[in-house]
Structures are given as structure tokens and as C-alpha cells.
Amino acid sequence: MPRVVVDVMLKPEILDPQGQAVARALPSLGVDRVRAVRIGKHVEIDFDGAADLDQAREIADRLLANPVIEDFTVRVE
Amino acid sequence: MPRVVVDVMLKPEILDPQGQAVARALPSLGVDRVRAVRIGKHVEIDFDGAADLDQAREIADRLLANPVIEDFTVRVE
Amino acid sequence: MPRVVVDVMLKPEILDPQGQAVARALPSLGVDRVRAVRIGKHVEIDFDGAADLDQAREIADRLLANPVIEDFTVRVE
Amino acid sequence: MPRVVVDVMLKPEILDPQGQAVARALPSLGVDRVRAVRIGKHVEIDFDGAADLDQAREIADRLLANPVIEDFTVRVE
């Protein structure tokens, strides 16, 4: 089935406490070469018929991301 | 900086109410050809030095995903 | 405005990796007396007119929680 | 076990697309008297020994909430 993937991330200048929690937990796993972790949303939209990138962008803009604090990318998979 | 991306999704047989809410909201945007929406996590891990896929897999397995209900993919970006 | 609050948590027997990440990060903050952290959703539903607990329960059951893996509580606030 | 609950919500002036998706899906369930839905995090912190509200506030401030875009409340349960 035609699928569009939307990835939504906080803008780079916005602090991501959830990612920071993971980063700070890494030494307890013996992982010491990670500089940063950021956590966003990965959304899979399955279309009937052809994938529609314009519709996917509108879905992202209205229902998946807050454009003031988040960026998103849209791609056909 | 070397980056590993981990995408975490509920397993296909596990109901995703957050994705269902988006799917059910689409007719109100005039979008009517979407069959399903599923929402997971998109995690970006930035490494100092070379990206380490094995470490990224361990991070995913221990701190990002519950393997009973979720699947994840790991890739260098 | 009449408000109903729905709290959604993973069932106690389901591992919560996001909560574990926070718990494992605590020693780096000097916090050492926390036994467990679990992270769920807190949903505020504002009604026009009287709050409707039955409707809130149906919303939770259909759009907020997956009853196989999550429990929820509903209360008027 | 002594438990502290932290509820984290986007500030009122910040758009919450996840809550909007739920609100827009409600007519499809026959629910028509909901004015708004907002979705945040509900975090349960279990302490060994006495609950420590100051530590819980620090955990919230550092690992659970971004104070630029989110507010949180802390209470003993």
C-alpha cells in the first residue's frame, strides 16, 4: 500500500527533556560516546491508491506538528 | 556528526489509538483516501566519532522500545 | 468550564522504557531514593455544559488508550 | 510506597495538535459537546522512604518538562 512517512521533531533550539533523560541514562548502560539524543514522532500514513504528499503535508501541519515548536519532514516510502 | 536513527512502532497487531484519532479526524480536513495512520517514535542519536549500530540497538532495546509490544529499526543516516 | 481528566498508564506488568530512562538518569542529578518512574498520558477534556463521564470513558476507550496494554482512570476535576 | 505524581502539559497558549486530532475525531463517535482536548504526560515517581517533593520538582524541571513550552504540577498521592 502506498505509504507516506512523516517525522516530527522539536526544533533544534527547543530543549527535549525526554531525549536528555535517555542521554543521561546511557552511562549506566556503559555507553559513553553519545553526544545527544532527541526524540520525536514517526508517523506512517497509508493511502488508498496513490500516495498524496500534499495531503500528507496538510495532515502534518494540522494534526501532527505544532509549527511554532516543531519541524517535520514528509517522504514517500 | 555521525547519526543513528531509531524508529519505534507498535507491533502491527497492537491497536494504536493515537493513530486512530488522527485517522478519524481526517474527514474533517477533507481527506478521504487514507486507510490507516500509525504513530511511533523517531529517535536521533548523535555519536562522538563513528556511529555505533550495536550500541544504538542496545539503547533501543533497553531505553526506547518495549520488545513485547513494539518493533524498532536502526539505521545510520 | 466542566473538565474531565483521563490518566492513561501502561498496565503494571508492561515494561515502560521511557520511565526506565528517566529512572536511570536520576543518579546523574544526585537523586538516589527513587525506586521506579512510569510515564503515561494526562488528558484534559473540556465540555460545553455538564461534564459527561460516560462520554469521557468512551473517548478514552476508543481514542486514548489501548485496553490490551493500558489502564485508564476518569475523574471530574 | 510513597508516590509523587507529576502532570506535564503544554502551556495554554501553545497549540496541541495531538489533542486537536482527538477533538476533531469526536463527532465520528457521536460526541458533540466537547470544546477542547489537551494531552500531556502523567508521571508516577515511587520513592523509597518518604516522598520528596523537592526532588520530584527537580526531576520534572530537568527530565520531564521543557519550561519554555510546558507547565507541570507536582503532588503527593
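In this document, chain identifiers A, B, C and D correspond to the written order of the chains, with residue numbering beginning at 1 in each.
By our rule, a contact is a pair of C-beta atoms (placed from the backbone, for glycine too) under 8 Å apart; a residue touches a chain by one contact, two chains touch by 3 or more.
None of these values were measured; they are calculated from a predicted model.
Comparing C-D with the candidates A-C, A-D or A-B, the pair whose contacts agree for more than half of the residue-numbered pairs is A-B. Taking A-B and B-D together, the chain pair joined by more C-beta contacts is A-B. Subunit B and subunit D have Cα centroids lying 22 Å from one another.
Each chain gets a centre from the mean of its Cα atoms; for subunit A and subunit B, those two points are 8 Å apart. For subunit A, the set of residues touching two or more other chains reads 20-22, 24-25, 29, 62-64. Of all the residues in subunit A, the ones that touch subunit D in their complex are 14-17, 20-21, 24, 62-66, 68-69. By the touch criterion given at the top, residues 1, 7-9, 19, 22, 25-26, 29, 31, 33-49, 52, 55, 58-59, 62-64 of subunit D touch subunit C in their complex. Every residue of subunit A that touches subunit C in the complex is listed here, in rising order: 18, 20-25, 27-29.
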